Amino acid sequence: MPALISQIESILFVASKPLSIKKIAKVLAIDEDAVEKELKVLQGKYDTNSSGVVLFQTNSEFQLVAHPENRTVAEHFIKTEISGELTRPQLETLTVISYCGPLTKPEIEQIRGVNCSLILRNLLIRGLIKEAGTENNLLPAYEVTMEYLQHLGVSNLAELPEYETLHNHEFINNTLNQIVVGSEKE
Amino acid sequence: MPKELKLEKFEGPLDLLLQLIENEKLAITDVSLSDVTDQFFQFLSGMDENRSDELADFLVIATRLVYIKSRQLLPYLYPPEEEGLSLSEQLKFYKRYADASKFVEKLWGEGKMAYGRVEPAPVLTGFTAPQNATAVELKNSFVLLLKRLKPINPLPEVRIDHTVSVQQKIKSIYESLKKLNQLSFKDIFNSDSNRSEVIVSFLALLELLKQEKISVNQKNSFNDMMINKV
Amino acid sequence: MPALISQIESILFVASKPLSIKKIAKVLAIDEDAVEKELKVLQGKYDTNSSGVVLFQTNSEFQLVAHPENRTVAEHFIKTEISGELTRPQLETLTVISYCGPLTKPEIEQIRGVNCSLILRNLLIRGLIKEAGTENNLLPAYEVTMEYLQHLGVSNLAELPEYETLHNHEFINNTLNQIVVGSEKE
């Protein structure tokens, strides 16, 4: 079993939000005093000039955040993530959703042949795609947003170049049909 | 006759070879490979129909086994130095990683997990269009994707042949020779119904030659070879 | 201006996904060598028993993650995806790529002696391997992902058992060259 301080640090790290001593104590099923003691030690650990992560305290809540002085670089990073050029895999994913959406994550992954979790998250944050309103399915399906359509300068997807041919292409359909077969084989 | 073998499910030709050799408690050498060649062919002929995808891989190894075996039997026919990695070296190499996969299996099964954090998504002030991703770029990207998805022409179908063992073949050739004293090389292969049987017949001849039970003569290049009982 | 190491740490913290040296260098508009040097120092900083946060490294990417031993407590705050079992061929293929990657498909097939198309596809879709970012080569090379390392709870490929022996580039390179020369296949 790892040290208590290590567990508290892990919790603060994954939570990505302010946590009360009470909450931490409850998760670990220990005394609040013990948590408070360890948090003091953690504060000391993060309280150095060179640390890029700091432990913030507001009233009785604690949160790990990026060092405030690095806000500019951190924001610059986020900004390039959400407004810079799309990478080739991102562009391809957006293409598949544009021409063949709405599609679920497993369908998109079947077509592209690679895991798309991070890419879908990025496209969602950028506001290029959104979850389609599908009531029947358990899995969310993705489609492009109205804003992106406007950016493309088309009023509906059917106006995309060669939509008729590409929208219902047999290679795509064949690949999608292999989902069941493929998962049985491995 | 080789003993009845019970093997764990084998994954590929190298896995099968490794299991055969380990089953006989042999070290990985050319000699031991040569010893399990018969068994390898037996498994090849008994292989599940729905594994036809892997057949080519098994045949590649099968031909290398035949090569090793014939070299063992008739070393003077082969140049001493050889190019590339020998099958036994390749098998040893494979074994290192097959063994190491147990480390990975153990770690995977321990149920540890190092979670990353999820930074709360930034609240966007309006939609920021990417600098690329125009309609034309989408189309080009789709065309590239279709190129990748285009099915490759399926390989011609291959059937796994039923094979007799080298031992059986040696016996049958020797029996025929006892009756007829002489056989032609062509005679021997005429009765073979498929390619694996031809390979087996050839191995049987080599073995008989090595045991000095037969002699082979050929008058001119490309003439039929005559096989005599010694 | 805070120290470079602090900036890199902040970026890794907010990114919440694997980042390549190249990407970090680009965001900070500095040299890749400088980034690499600081990452080494950061690795040392997080490499203590009591740390609840660890810096993980694949062949090409870095990510800050919670200590793998603290899985249970972390799961109070993280939505878990069940990772599922690995089949024997998948295990074997992952092992080869873990110890010797990045490797191309023919190389992997030479080592395993069997066609690996289907298995590679499955591993790509599960996000356990990915194409290494080497665009000069005609054939894509595969390497394990951060996701995979996170599951193993190993902060660095070099921590795998017997890594030194099994990851011997010279030996592998020679062997693979020989295999390619020696066989008519491919």
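Labels A, B and C are assigned to the chains in the order they are written; within every chain, residues are numbered from 1.
Throughout what follows, a residue touches a chain if its C-beta (ideal position, glycine included) is under 8 Å from a C-beta of that chain, and two chains touch if they have at least 3 such contacts.
Please read these numbers as outputs of a predicted model, since none were measured by experiment.
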Label of the chain whose CA centroid is most distant from the centroid of subunit B: A
Centrality ranking, top chain (CA atoms only): C
Chain centre separation in whole Å, for subunit C relative to subunit B (CA means): 31
Whole-Å separation of chain centres (CA-atom averages), subunit A against subunit C: 20
Separation of subunit A from subunit B, taking each centre as the mean of its C-alpha atoms, in whole Å: 45
Contacts with 2+ other chains: residues of subunit C: 13-17, 64, 66-67, 69, 74, 78, 89
Per-residue multi-chain contacts in subunit B, two or more chains: 115-119
Subunit C - residues contacting subunit B, complex: 13-17, 54, 56, 63-69, 71, 74-75, 78, 80, 86, 88-89, 91-92, 94-96, 98-100, 110-115, 146, 149-155, 160-162, 166, 175, 178-179, 181-183, 185
Interface residues, subunit C side, partner subunit A - complex: 1-3, 5-17, 27-28, 49-53, 64, 66-67, 69-70, 73-74, 76-78, 87, 89-90, 118-119, 121-122, 124-127, 130-131, 145, 147
Subunit A contact footprint on subunit B (complex, rising order): 115-122, 124, 127-139, 141-142, 144-146, 148-151
Complex interface listing, subunit B residues touching subunit C: 11-15, 53-54, 56-57, 60-61, 83-85, 89-90, 93-94, 96-98, 100-101, 103-105, 107-108, 110-119
Touching residues (chain side subunit A, partner subunit B) in the complex: 10, 13-17, 78, 82-86, 88, 91-92, 94-96, 98-99, 111-113, 124-128, 145, 147-148, 151-154, 160-162, 166, 169, 171-172, 174-175
